[in-house]
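I have placed the structure first, in the form of C-alpha cells, so that the comments after it can refer back to it.
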Amino acid sequence: MKKVRIGSVGLGRLGYEHAKNIASMIPNAELGALCDVDEANLKKVANELGVSNIYIDFEKMCRRPDLDAIVIVSPSSLHPEQIKIAMENGKHVFCEKPLGVTVEACKDAEATVEAHPDLKFMLGFMRRFDPSYMNAKKRIENGDLGRIILIRGYSVDPISSIENTIAYGPHSGGQFLDMAVHDIDLIRWLTGSEPDRIWALGGCYEFEEFASWNDGDNVSCTMQLKDDTMAFIFAGRAAPHGSHVETEIIGTKGAIRISPVPTPDLNVYYDEHGVRQEAYQDFMMRWQQAYINEITEFCDCIIEDRTPPVSVYDGTATTRIAYRCKESFESGSKLLSMD
Amino acid sequence: MKKVRIGSVGLGRLGYEHAKNIASMIPNAELGALCDVDEANLKKVANELGVSNIYIDFEKMCRRPDLDAIVIVSPSSLHPEQIKIAMENGKHVFCEKPLGVTVEACKDAEATVEAHPDLKFMLGFMRRFDPSYMNAKKRIENGDLGRIILIRGYSVDPISSIENTIAYGPHSGGQFLDMAVHDIDLIRWLTGSEPDRIWALGGCYEFEEFASWNDGDNVSCTMQLKDDTMAFIFAGRAAPHGSHVETEIIGTKGAIRISPVPTPDLNVYYDEHGVRQEAYQDFMMRWQQAYINEITEFCDCIIEDRTPPVSVYDGTATTRIAYRCKESFESGSKLLSMD
Amino acid sequence: MKKVRIGSVGLGRLGYEHAKNIASMIPNAELGALCDVDEANLKKVANELGVSNIYIDFEKMCRRPDLDAIVIVSPSSLHPEQIKIAMENGKHVFCEKPLGVTVEACKDAEATVEAHPDLKFMLGFMRRFDPSYMNAKKRIENGDLGRIILIRGYSVDPISSIENTIAYGPHSGGQFLDMAVHDIDLIRWLTGSEPDRIWALGGCYEFEEFASWNDGDNVSCTMQLKDDTMAFIFAGRAAPHGSHVETEIIGTKGAIRISPVPTPDLNVYYDEHGVRQEAYQDFMMRWQQAYINEITEFCDCIIEDRTPPVSVYDGTATTRIAYRCKESFESGSKLLSMD
Amino acid sequence: MKKVRIGSVGLGRLGYEHAKNIASMIPNAELGALCDVDEANLKKVANELGVSNIYIDFEKMCRRPDLDAIVIVSPSSLHPEQIKIAMENGKHVFCEKPLGVTVEACKDAEATVEAHPDLKFMLGFMRRFDPSYMNAKKRIENGDLGRIILIRGYSVDPISSIENTIAYGPHSGGQFLDMAVHDIDLIRWLTGSEPDRIWALGGCYEFEEFASWNDGDNVSCTMQLKDDTMAFIFAGRAAPHGSHVETEIIGTKGAIRISPVPTPDLNVYYDEHGVRQEAYQDFMMRWQQAYINEITEFCDCIIEDRTPPVSVYDGTATTRIAYRCKESFESGSKLLSMD
C-alpha cells in the first residue's frame, strides 16, 4: 500500500481537521511533518497525532527529502508564496481555497504551477468531493438531466455561529469571495461553462455590522452563462435552522436538489414542533467526508500520476468571478459583463 | 342535475359537518330536513343552512314523502332502530359508523337492510373515500404492489385534545371499537381478506384514567389474516405532533405509506426547530374531503341504482373483530382466534 | 343563508370549472345564468349544471335584474369591455387574471371600477386563496419570518401537456405575462413592496418553437424591490415531474417553502424508483380549492360589504411589471428600472 | 497516540471491511496480523493492506505477543471456540454477531469471558454505533421521548441481492437469527427492558425457497416487554426500493423514526418518477461508519480500561429471544412466553 508522505502547514480549525485526517483517516496518506507559527499549539497537535517533525519555518519543512507533498491550510494571503516554496523544493502541493486573495496573486500561483509541470497541484474545492455532489455530477455526465437550464446555489451559515461570523467578517473578503466562491466553482464544474454577465444584490437585513466592510448579511448574484445556462446564487450569514448549502440543477430531463434538507443523519422527529429533521450546525461536520475524499484523491493522483481534478486555473477563474460579483454589489448593483 | 333529497339526524360535531356538506358542498344532494333532540341547536343550524323542515321526532321526519334518503349521525346506540324506521318509511339510508354498539345490534341492522333489497344502505367508513386512500386502493387493484405482505395502521389523536378524549372515553367503547375499527375496516378493504387470529396489547403509558373503563391510552393489535397477510394496528390518544392516521401497505412489488407526514398543506418550514412540516390537529379537517366524497357516492348510488361500496355486513364484521381485539386486550392479552 | 346570484361568462376549461363550483361547491353563491359564444357547449354545460338562463350575448345576460354579480372567464382581451358592461348594468364583478392584455387596457378597467365605487370588483389571483399560501401569509403577518430577505418563485408546467402549451403559446402573451404574472402578484402580496429593478434571462433550452413568438421555454427574472428584498422568479414549460409551483420566502427569523413537493395527496411510494411522491400533472387540480375559495370570498365581500382583497390596481401593477420583464428578456436581457 | 494492535480472523465480505478499516480508517487501531483459511485470498488482502504477518492457523496468530486484541469475523459456529483461544492467549476480543449459533454455544462464550475478567470483550451489534441510532439513544436518555410506548423495527434486504440471499438462506439460521437479531438487540438496548411474550408470523409471499429451511421471505414478531412496552419487528428479504432498516420509537412526549428514507446521500430527484430519493442497495454501505465506530470504541475501551458497551450477555439474550421467535414461527405461530 503506497502512501504519500505529507507535510501540512496551518493548524487553524480546518488545518487541524486536515492534519487529523491525513494522520489516521486517509489510507494512502501519512503525516510526516507539521508546521505552524503558534508553537504551543503545534506541539500539542503533533503530540496528539504522533508527529515528531515540527516546524515554525515553512521552508525548512519543505526541504525535508522524506516528504512527497505539502498541504497548505495557512492564511489565504500566504498561499501563492508557499506554493512557490513547496514546488521549488520539489513537492506536490494541495492548497486550500482560495488560491489567492487577488486575481494577481492567483496569477503568481499559476506561474509557479506552470513552471513545475512534473509536480501535481490541486486546489481544495471540497464540495466536488462530497458524495452527494459526486453523485449529482455523475448523473449530469450520464445525461440524466438533459441540457442544464438553471443552477441555484444557496450557502448559508447558521445563526448559532453569528458572533464568530461577525468577528471574522472584516477579514473574510466579503461573502462573494469567502462563501459564494464555492457556488461559483460548482457552477463552472457542473456546467462546464463560464459566466458572461452578472448582477449582484443584497444588503444588511438584520446585522448592520456587515455594511462596515462593504458586505451584506445576505447577498445574491444572478448569472447568465456563455452557454445560456441561468444561475442564481444566494449567500447568507444567519439561517435560523442551521448550516445550509443547497444546490439545485434543473435540466430539460430532470432536476436534482442536493441537500434541500441539510441533515446530518437519517432521523425524523415527531414532536410538538410537527414532523421534522434537524440541520447541520457546522460546516466542518457537513463536509467531513469531502475533506477526506479530496486529500485521498490528491494522493491517488500523485501515486497514479494523474492530473488532479481541480486546477490552479479553477482558482483564478473563481476568484475573478467572485471579485466581479463583489464589484457589482458594491457599485449599487450594476449589471456587469465578465469581459 | 338530479339531486337526492336528504333528511339528516344528529347535529353533534360530525352531524353538523355532514349537514353543512349536504346543504352546500355536495352537488348531487340537497338538505330537505333536519332532526335533533336539542331543539335550540336544531333551530340554529336549520337557520344557518336555510332548512325549513325541522324535527325532534325522527319518525316524523322519515314520513316526509319529499325525502329520498336519511343520513344518520346520531348516537351509535340508536343506529339500528333508526335504520329500521327510515327503511320502513321507504328511505335509502346512510349511517355513520359504527353500525351498532354490539354484534347483536349489527345483526338487527342486517335484518332490516335485507328486508328492503330495493333500498340503498351505506355505512360511513369515510377513510375509503379519502383521495390518498382511494389512490392507494387503485394501485393495489392495478397490481402495482404485487401480493400484500403486511398492513400497518396507526390512528392517533393529538395531545391537544386530550381533555375531550378523556371526558368522552367512558362512552367511547374503548379504542378498539372507537378508533381501531377504522383500521380494521381498512385492512379488510385493502386485502379483501379477514383476520384469523389476533393479539392485542397495550396499557396506560401516561394517562391512568383510561384503565378505569378497561381501556389503554395506547394499544395495538397484531393480526394474521386468512390469506396469511400480516397486519399491525396501533391506536393512541395523545400524540405530541397532532392527529396522525397512517397506513402502510407492503407488497412484494412495492409499498405505499399513506400519510407518514399528516400535514394539511404543502408547506415546509425552516426555522429554529429544523426543517419541518406541521400536522393536522383535528380529524374533521383531515377527513373533510372524505366526508364530502362518501355522501356524494351514496347519492350517486341512489341516482344510478348501484350497490353502495360499504355494506351493512362490513359494519358487522368490523364490530365483531373490534370486540375480539377488546377481548384479547382485556383478558391480559390472550391470543384469540376469530372463529 | 344569503347567496349571491351569479352570471358567468366564458366556458373554456377554467370557465367551466368556475361555473361548476358556483353551481354546487360554493355555499354563498348560486349560478343564475351562463354566457358563451359556443352555443352547443353552452347548452351542454347549462343542462349539466341545471341552469336555465343562457346567453350568447353578454350584455343581455348583464341586464338580468335577478343577477347580483358577473364572473368573467372569457378571453383576456375582452376583460376590460366586459367589466364595463357588467358594472354599467349594476353588477359586482369577479374577473379572471389578467385584468387586460396591455397596461392601457388595465387602465381602462381601473376607470370603470373607479366610476362604480358602490360595486365590488375582484381580480382572480387564485394563489392567494390556496390554503398553503394563506397559511404562509398569516405567518409572515404574524412576524414568524422576521424581515423578508428573498422570495423565490417557480412556476413550471408539466412536460405531459407540452403539445397544448406550444399550440397555445403564440396566444399566451409569453411566459412573463401568462405564467410569471402569478409570481409577480405573490411577490407584491407577500412583501407589500414593489420591484425597483429587474433583469430577465432565459431562452429555448429544448423547444425552439417558443422563440418564434419571442418567448423562451424557460425564463427567469431577478428583482430588486424598493425595500431591498430580493426576488428570483423562474418559469418553465416542460418539467418532467409535473406541474410545479413553488414559492420560498426567506426571512431573518425563518423560511417557508410552499410546495417544494407539489403532491396531490399524502402518499409516499417505496418501489424500484426509490422513495417518492408523485406530483400534480394539472394546474386545475392543484388550485381547485383556491378557485372555490376566491369566489367564496368575493361573495362574502358582497354580502358583508367588504372591499375585496385583490384590487383592479393589483391587475395593472402586475401587468406593468410582467411587460417590463418581457421587455428585458426580449431586449437581450437588459437590466431595467421599473420607473 | 496509543494504538491497539489487532489480529483479525475471517476475510469474507465483512471481514475484509473490518480489516481495511483497522488498517487505515480507525485512528486508535493498527492491523498487526491476518488469518483466514483461504490462503490465496489471505495473501492478496495482506498485500493490499500492507500486513506482513499472515496465518492459516488461528491459534498461532493468537500466540503473537505483539498483538493486543483479536477481531473475529469468521463463520458464526467458530465464534465461541475462537473467543476461548484468543482469551487464553491473553488477547482482548471483538466478536462479530452472533455470539454463537445456539444458546449453549453462547453460554460457553460467557464462561470464557467470565474466566478472563481482565480482558475486554465486545460483541458487534454495529447498529448501536450508527450516528442516527446514537443520536436517537441520546435523546431517549435525555427524556425527550418520555416513556417509551412502542418500538417498531424493520429490516429488509433489497430485491437486487435476492439470488445471494437465497443461496445463503439455508446457512443463515433463518430470518430471526440472521436479521431480526439486530432489531431484538435494538429493542433491548433502547428500552432497557426484556421481552416477556412473543408472537411470530409470516411466510413465503413470493419466494417459496425459504420454506425449505423452515423460514419465510417475510416475517414479523410482536413482543410484549416486561415493562409493558410494545414492540413490532418486521424482516424481509426482497424490498423493491433497496436495503431498508428503519426503527421507530414512539414515546409519550415524542417519536423518532430512524431512517424512514434509507438514503445514502442528501439528493432529491425531480424526474418522470415524481420527487424521489434513492435508497441504499447494500448493507455494508449503510453501516460503514457504524463498523468504523464500533472498532474505534472497542479500542478506546482497551486503551482507557473501560467496559465495552455490548457484552457477552447481550449476545446470549438476543440469541435466546431470536430462537423463541423462530420457535413461534415454526410452530404455526404460537404465542410464546420467554420464561
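All chains are identified by letter, namely A, B, C and D, in their written order; residue positions are counted from 1 within each chain.
As a working rule, a contact is a pair of C-beta atoms (placed from the backbone, for glycine too) under 8 Å apart; a residue touches a chain by one contact, two chains touch by 3 or more.
As the structure is a computational prediction, the values presented were derived from the model and not from experiment.
Hopping across touching chains, the smallest step count from subunit A to subunit D is 1.
Of all the chains, the one whose CA centre sits at the greatest distance from that of subunit D is C. More contacting C-beta pairs link the chains of B-C than the other of the two pairs B-C and A-B.
Distance between subunit A and subunit B, defined via averaged C-alpha coordinates, is recorded as 57 Å. In this assembly, the C-alpha centroid of subunit A lies 43 Å from the C-alpha centroid of subunit C.
Subunit B and subunit C have CA centres that are 37 Å apart.
Touching two or more other chains at once are residues 239-241, 253-255, 260-263, 269-272 of subunit C. Contact residues of subunit A toward subunit B in the complex are 239-242, 244, 261-263, 269-279. In the complex of the two chains, the subunit B residues touching subunit D come out as 146-147, 149-150, 152, 197, 199, 201-203, 205-206, 218, 220, 222, 224, 228, 230, 232, 234, 236, 238-241, 250, 252-255, 260, 333-335.
Interface residues of subunit D facing subunit A in the complex, by the touch rule stated above, are 1, 20, 23-27, 48-50, 131-132, 135-136, 144, 253-272.
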